[in-house]
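The following blocks contain the structures, represented as structure tokens.
Common to both upcoming complexes is subunit A, partnered first by subunit B, then by subunit C.
This part shows the complex of A and B:
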């Protein structure tokens, strides 16, 4: 389901997707600097798994392939290794642009269905904002049980040895299930993030008002 | 008073009972040896790691690191920020750089920080522990501390991604950084400088969401270490360590390989070379033990 802000964006930018990306996507103003050399695509550790490698996404943005770009699974293949950033002859912060496109697509309600990294990334974010620090045990269990209880039991059984190894090495603690680590100023922490989210939504939203 | 003091950002995985608590312990020991005091940033929070973007927008994610930096500015005004985790270091340094170059984001960040009565100024030096060892301590001093040279260890230095890109360690190249090899040689072990997966990606957080793709990358990283004649991989990065060590059973099952390669932290090697015990070097925190390293530690 696409969002209301998505409709507004389509209206506002009327087929100028490059401008939309420049104005609204994290580090999106760099997209126009791409010279299509393809070093990014050739440097990506998961390159073969991208439907459209970064170079291609940049061209598609210019070619107004709005839906294909924003709903693509491609950006979700980014491992954040920064190899493309280190090698790009034009100095584009490609890793950030990929994160930005993935997040913007999601904001527009166009995220790809059942994309595992999108799901895990959201779980990670929810986990970290709950207490201000990541609870690795809950994150791991959440991942095992993401496809329902029966599947979760199966996956957990398969991971039993790994879990035991980690506990034996004292690198996983069953006590974390009881709450675990977190920041003390939790209410302040939550208020801070809420404010940041409001400010960002207002900035992206404000763009949609100016027709 | 310690000779060197820093404002320390430990990060989530370093906490008690978390996945890199052995890195934390071995760094503590290392700091005792080198007269370094790490003052944890009071009430620090998660940096958002690399996949926070799925849930968090640019500004909320930046606010996470800005809160840590503002706390450090307030409580440890004269100390550089130091992190041991690659992602913690990268995010903190990157956020400072990006906020300082973007007045709108910086202003908005500071509005959000009013909720926690903090102000971000952006005047901190954000450093990796490895930089402290190279720049503030130096190879000569590290070498002079060696009581038990790590003879017989043939080490593939696996630098990985985020300790190396986009910032890296000053003076090093992205394609072939040498500092880890130099450290290894300083400790009396053999550095396999031709190891060709030195800066390859372990798949990062995608090991959790895309295990097949992740394990394919790690398989190459371990195989290349064997091909170079290594009996150990060493790394500065907690996620590299975990990804390369703990899935070796799964990889062996998937690819019919026979991997049993220890993956240690540079800090564990230093602890042992400096004469500290296996316990102080947190060797128990590894799932795959190096017999040779343990023999040296117990000697």
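This part shows the complex of A and C:
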């Protein structure tokens, strides 16, 4: 499905990635306002570890580098510290655009391989939607064991003290392994998510169907 | 008591900087009665605080001297210093302007001999040097001050120091019993030439103007160059008095920024280009300047000035809005952090001194004015028929350089003359 949507988007916007971002990416309509001053890139605490800092991503969008942008690991590195947003002279919601781009890249099936933030994001979501509440125990264990059983045991042993402290502080319960707590109206919660998914699909559909 | 005759054919000009002087003189020289009001104890405004101005790199004293001579020769022009407008009412052709005059405590007998200042002991921050140095409590505001008369700081009135200054005067020029006066002046037209103030650099948190001694503003840099300034014209940095040979200029410090001034202040690019010439003037090939910019705006015919600076091997340009400044504790050097957007290179550059090219904002808040004036989002006066007989001259209307401010002020004089001509039935 993602590939089909991706293909439809390429068809629809061929040669105009900026327009595609403006129409489809959350807060993407702000990208055209960037004046390339570079203050976001200089202000990002993780900037030295990004392949392409925000202002460079914005320029790449204008330069139609669709593949490079959507498959980049850069926007997945954003920790939402909002330093760039606070300093941007044009008031761009850069943090939101980064998350919008990451989400859009994932939807187009172009997410980077083995990007830990992306993996954790998916794990968190899958965990959350089961019961409407995060199951800390399962999420923690899932995270520790994401790189295999042997690695998982090693990490778990290392984090033993943290786990014990969380239990003492009643932040985590060993009983959660049996299913865990959830929202009172679970079926209502799931119906709401289903509706949201339908709306989102319709929105993407509307953008890909209409030429 | 200040004796002034004003009718509804009088033109009042508020602000005695380069624009106000120009409007007042141009109108007075057509034969109109003009009153020029100035808040400070002298004329000349912010231009008199510059070392040189672009593009011809002349000293402001030269133009100032010509204007002072024109003022002295003109019977139609009355200058009142230390005067502030407290209220304004009426309509086009019939305004009443209330003016509050604070005392100078020195009358026109003053010969500027300076004996009174020798008797003074207290020192205050020197406003003329943007508080970089001190001045005495009895002082001549600057070497070119017009009127060329000393001023006694109100804060020493009633002390023995003030009496000592009075006793030192051989000409009977000191009147310690002068009081605040209020005048109601009639006018047909009023021109606001109230100018600008530098944007408050303390508000630009990442640049640390409030924390780092060696981060200064462009207007302060002008004072360092002035032979009468706080460093006697030497380029010494504030932290340790070391010669500042490697200087960074940061453009758009507070301008073109939604968090600060939304508008382009228009003069700061040229001001920094000009100031790189100062560094050359002082240190020759040992003086290095680096300009950090978003884009250079050397408007229209100033492009050749820009090209000349670009050709100077001692000046480099980095296309980047600096993200933040830190201080190297050992040396006191500011360290600039950011990304050079030409090639996306991350830098951490040390300089001896950082000059923030702060922008211009209107010095007066016209929105809270007693009479309705159309003001734009940036706080400058818009030219509009609904303003009646009230006009802006120079930077009260927009961010302008000296040249454009003078042109604008001349146009404002013509508009004011047209109003009083209508009143006269001409």
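Everything that follows uses one rule, which is that the second predicted complex is superposed on the first by the 206 of 211 C-alpha atoms of A that agree within 3 Å, B and C clash if a C-alpha of one lies under 4 Å from a C-alpha of the other, contacts with A are read in each partner's own complex, and residues count from 1 in each chain.
Note that contacts are C-beta pairs under 8 Å (C-beta built on N, C-alpha and C of every residue); 3 or more make two chains touch, one makes a residue touch a chain.
Given the structure is predicted, the values throughout are model-derived calculations rather than measurements.
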- Query: Is this a clash or a fit when subunit B and subunit C both end up on subunit A?
  - Reply: fit
- Query: After lining up the shared chain so the two structures overlap, which partner does A:37 touch, if you call subunit B first and subunit C second: first, second, both or neither?
  - Reply: second
- Message: On the A-aligned overlay, A:47 touches which partner chain: subunit B = first, subunit C = second, or both, or neither?
- Response: second
- Counting only touches as set out at the top, which of subunit B and subunit C does A:197 meet: first, second, both, neither? first
- Query: Regarding the shared-chain residue A:4, is it in contact with subunit B (first), subunit C (second), both, or neither?
  - Reply: neither
- Query: In the superposed arrangement, which partner chain does A:157 touch: subunit B (first), subunit C (second), both, or neither?
  - Reply: neither
- Query: Taking the superposition as given, does A:177 touch the first partner, subunit B, the second, subunit C, both, or neither?
  - Reply: neither
- Item | Touched partner set for A:132, first subunit B, second subunit C, both or neither | first
- Item | Which of subunit B and subunit C A:99 touches, first, second, both or neither | first
- Task: Please work out whether A:89 is in contact with subunit B alone, subunit C alone, both, or neither, and reply first, second, both or neither.
- Result: second
- Per residue count on subunit A, the busier partner among subunit B and subunit C is B
- Query: In Å, how small is the closest CA gap from subunit B to subunit C once the two complexes are overlaid?
  - Reply: 6
- Can you pull the subunit A residues that subunit B and subunit C both touch? 86-87
- Message: Under the definition above, what is the set of subunit A residues touching subunit C in their complex?
- Response: 35-39, 41-43, 47-48, 52-53, 55-56, 86-91
- Residues on subunit A engaged by subunit B in the complex (per definition of touch): 26, 45-46, 49, 77, 79-83, 85-87, 93, 95, 99-100, 102-103, 106-107, 116-122, 124-126, 128-129, 132-134, 136, 140, 143, 161-162, 165-166, 168-173, 175-176, 181, 183-185, 188-189, 191-197, 199-200, 203
- In their shared complex, at which residues does subunit B touch subunit A? 12-13, 15-22, 43-46, 48-60, 62-64, 67, 104, 108-109, 111-117, 161-162, 165-166, 174, 200-201, 203-206, 208-210, 213, 217, 246-247, 249-250, 284-287
- Message: Please output the residues of subunit C touching subunit A within their complex, sorted ascending.
- Response: 206, 252, 256-260, 294, 319-324, 337-341, 344, 346
